[in-house]
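Letters are used for the chains, namely A, B and C, taken in the order the chains are written, and counting of residues starts over at 1 for each.
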Amino acid sequence: MATLTEAPPPLSPTAPEKKPPRRRGRLTPYWLLLPGILWLLVFFALPMIYQASTSVQTGSLEEGYKVTWHFATYWDALSEYWPQFLRSILYAGAATILCLVLGYPLAYLIAFRAGRWRNLIMVLVIAPFFTSFLIRTLAWKTILADGGPVVGALNTLHVLDVTNWLGWTAGDRVLATPLAVVCGLTYNFLPFMILPLYTSLERIDGRLHEAAGDLYAKPVTTFRRVTFPLSMPGVVSGTLLTFIPAAGDYVNAELLGSTDTRMIGNVIQTQFLRILDYPTAAALSFILMAAILLMVTFYIRRSGTEDLV
Amino acid sequence: MTTTDNSGDVRLSGISKTYDNGFTAVHPLDLTVPQGSFFALLGASGCGKTTTLRMIAGLEEPTTGTVHLGDQEVTRLPPYKRPVNTVFQSYALFPHLDIFENVAFGLRRRGIKSVKKQVEDMLELVQLGEQARKKPHQLSGGQQQRVAVARALINTPKVLLLDEPLGALDLKLRRQMQLELKRIQTEVGITFVHVTHDQEEAMTMADTVAVMNAGRVEQLGSPTDLYENPQTTFVANFLGTSNLIEAEVDSKSGGEIVLKAGGGKLVLPEARYAGPTATGGRVLVGVRPEKITLTHADQAGEIPEGRNRITGTIADSSFIGVSTQYVIDSPVCPEFEVYAQNIDRDARLVPGAEVVLHWNPAHTFGLDAAQDIDAGIQEEATV
Amino acid sequence: MALVNWLKRNLVVIAGLITLGYLLLPNVVVTVFSFNKPKGRFNYQWQQFSTDAWKDPCGVVGMCGSLSISLQIAFWATVGATVLGSMIAFALVRYRFRARGTVNSLIFLPMAMPEVVMAASLLTLFLNLGAQLGFWTILIAHIMFCLSFVVVAVKARVMSMDPRLEEAARDLYASPVQTFLRVTLPIAAPGIAAGALLSFALSFDDFIITNFNAGSTVTFPMFVWGSAQRGTPVQINVIGTAMFLVAVLLVLTSMVISNRRNKQKA
């Protein structure tokens, strides 16, 4: 367990870097970096260039593709698939907010209220990872099954009436609706919210709460003025770790949704693997990447947390 | 430890350190630490004392100059090839090894197979025989400190370097460890070079103290010599407290300089001032607070002749137990400090009282007035 | 009033436990349904209790084969990513060099990139190079996306390490190689282990990137995906449950052991 809890979740902000000392052997760092960086250059950066080139090619599978600087592919792809783009952003955004709302109390509980149960709860948060996420996502099919207890309860409580009116569900069904997809996305990426939140909450000195209380802050004020601002690094990395993969996900939309809930990931997957329209697929994937990088950069600037790695 | 053996000498010649960013931590410096001595490098943080130590250890490469251990030049030798060991600040005990393995580390690296006996003896010496199988974090600060010393000493280095070894301990433990270290040093006879910012620690433990300031050695000497005959205002203020009075040379006769300060006259033995003594020249006159006697102004007539005297008003007094510390406002010096032993306390000596301060002229020292009169004051270590 | 107060004070706890329930509910369902005996091809509705699947976990064609492929890929991806990632982490913390910023962004970007983008672009590369899709292309892809996570985990650990420990080792006659093996590596070990564990989990569970670059090779997640279209055998739940239990048990035992060890020593 020690290793797992000690591992900082990815993207979690770290202490400002100390200036590394200079050593004899000036080439050593380059030898250390070489294999890994080469790997990333060849299998991460180079593919991006290939993809960029593919996106402006025309041709067919039979005759082969040529770079013709056919930027119209981008326009065509956008005008045809903008609903899926929009849907991806909306679903991912909704899932991110839900993750924050659901994840914060649990992270807070682990950090400040769990006492000797802390490690156990931590294990329970991480352990589901070891069951393939596809199996767990399929389990939601059972949980949200038509006429099942969950749907029945929602129906009795008239929750479904509200969600139907909002267009989140349809009729007596939850499965194959936006609600099911968002529910699945939230479930899948919740731990990525909880872990960074926990890391930044755990760093907060408990005496700060006492100090705030001593200085006439009510518990709610203490949270709003002290705890939450101090947990901002966790909030930022948590939301990023949730939003980015959720926006590109196609598994939840495929397993829990319907043709009306297709996200941009589904489109890219279909174009690439079934229709074999590589330029369109490449253009779509490029747009997705650019959109996410733009949003992330803007978000990080706004939240003032630039040292994430 | 014979006098002819000089293999434990540390000789620094023209050694200096300038970092890549252009900051010069140590200006060219010559220093010889004789075999078997307990040598302290004393100064405020950032004065270059730790850099000097690290250059002896080989952890820092000097920009210029050479390091000799005895007759061997070690300037370019990596640390693991130098017969020198270090007790690090906050100890740097290996957290993944137990106490036994921490102490055995150096022996094992030098390929010594049977270390058990030696390590056990060493742990006995520092009274940690029982703790051999514990991890460092399970020991108290004082115990960790002893492990750090044992881990270094077991290698019987020519020189032991101590980098603020007592900084992390509380006052009482620090006193105890000071005596302990001193005892060990006398017992093993190894040259100790001790870096500290604590002037009392340096004076208690070391035979010779080098006071460093801004990358240079201000003064070097025995603790008594440094205390009684400070040569710069920095040393005067950094080591203990000094009252410094701005004065002017009036006349000179029979080995004594007579100075004008405020309205009065003060006498300074010529031997205790190295600067120019032309009439009208400016001199800083110093006297330590404990050399001064306070007499209530009503009894001024009872003060013997031939003593330096100054009049003033008590501004503040604090009772310390063994002594009472007075702050006196005087026309010649705004905040004159006086420590009076609590033997026969004069009940009239309360804030507001008019007093005469007087002391034996032999306790007066003179400093070059061209210096900053407050040098070393802010940096003075609180003990 | 007392109840309201109690609720107020424990609101966070209650909300947190609800979230925990939400997180664990699917695992409960997976476990329960591993004892199901479904009527049709799909295992989504409860029919009757049975231990058939537990008695014959490999009774489904191709499933255990895919499991073994996934384990092999996860193992080698872990080894590759951990070695390469740790080297980068050490270089980043312990040395100064040019192009530091570029290196940092090259490590950050794969973590900030939706998987589907990496998957598609990597496939473009493989197609252009005419590479044979299969075990090796999957392994290459997995090492690529695990690498950054190892770097982050190891870097954090090495950064929190007191550089004086290495100086102390050098001072105590350890050569640079000995210093690394005897001091640096053991102290960085928890970070390296965390990175390795994370790599294993990420690689073993990866579907999106694998799906693009697998060719005709079928990993365990791909098998589950395929069965979601064709029919889900109960054995999938058996594997899911077993892995969950093994993980929890391993972690709990290690916790108990380390607790006991600490108590004995203290």
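We adopt the following convention: a contact is a pair of C-beta atoms (placed from the backbone, for glycine too) under 8 Å apart; a residue touches a chain by one contact, two chains touch by 3 or more.
Given the structure is predicted, the values throughout are model-derived calculations rather than measurements.
Q: Based on CA centres, what chain would you say lies at the far end from chain C?
A: Relative to chain C, the chain whose C-alpha centre sits farthest away is B.
Q: Looking at chain pairs B-C and A-C, which one is connected by more C-beta pairs in contact?
A: Top pair by contacting C-beta pairs is A-C.
Q: Would you mind pulling out the distance in Å between where the CA atoms of chain A average out and where those of chain B do?
A: 59
Q: If you average the CA atoms of chain B and of chain C, how many Å lie between those two points?
A: 56
Q: Using mean CA coordinates as chain centres, what's the chain A-chain C distance in Å?
A: 16
Q: Mind pulling the residue numbers of chain A that touch at least two other chains?
A: If we look for residues of chain A contacting two or more partner chains, we find 22.
Q: Of all the residues in chain B, which ones touch at least 2 other chains?
A: none
Q: Identify all positions of chain C at which a residue touches two or more other chains, and write them in rising order.
A: Not one residue in chain C touches at least two other chains.
Q: If we count contacts the way the header does, which residues on chain A are in touch with chain C in the complex?
A: 1-4, 6-8, 10-12, 14-15, 17-23, 28-30, 32-33, 35-37, 39-41, 43-48, 50-51, 54, 102-103, 105-110, 113, 119, 121, 123-143, 145, 187, 190-191, 194, 240, 244-245, 247-251, 255, 265, 268-269, 272-273, 278, 281-282, 285-286, 288-289, 292-293, 296, 308-309
Q: Show which residues of chain C lie in contact with chain B when the two form their complex.
A: 162, 164-165, 167-175, 178-179, 182-183, 186-187, 189, 265-266
Q: Spell out the part of chain B that touches chain C in their complex, as residue ranges.
A: Touch list, chain B to chain C: 57-59, 78-81, 84-86, 88-90, 92-96, 105-106, 109-110, 133-135, 138, 151-152, 155.
Q: For a test of understanding, state which residues of chain C touch chain A in their complex under the given definition.
A: Going by the criterion above, the answer is residues 12-13, 15-20, 22-27, 29-30, 33, 44-45, 84-85, 87-88, 90-91, 93-97, 103-104, 106-118, 120-125, 127-128, 140-141, 143-144, 147-149, 151-153, 155-157, 159-160, 163, 190-191, 193-195, 197-198, 201, 204-205, 207-208, 211-212, 220-221, 224-225, 228, 232, 236-237, 239-241, 243-244, 246-248, 251-252, 254-255, 258.
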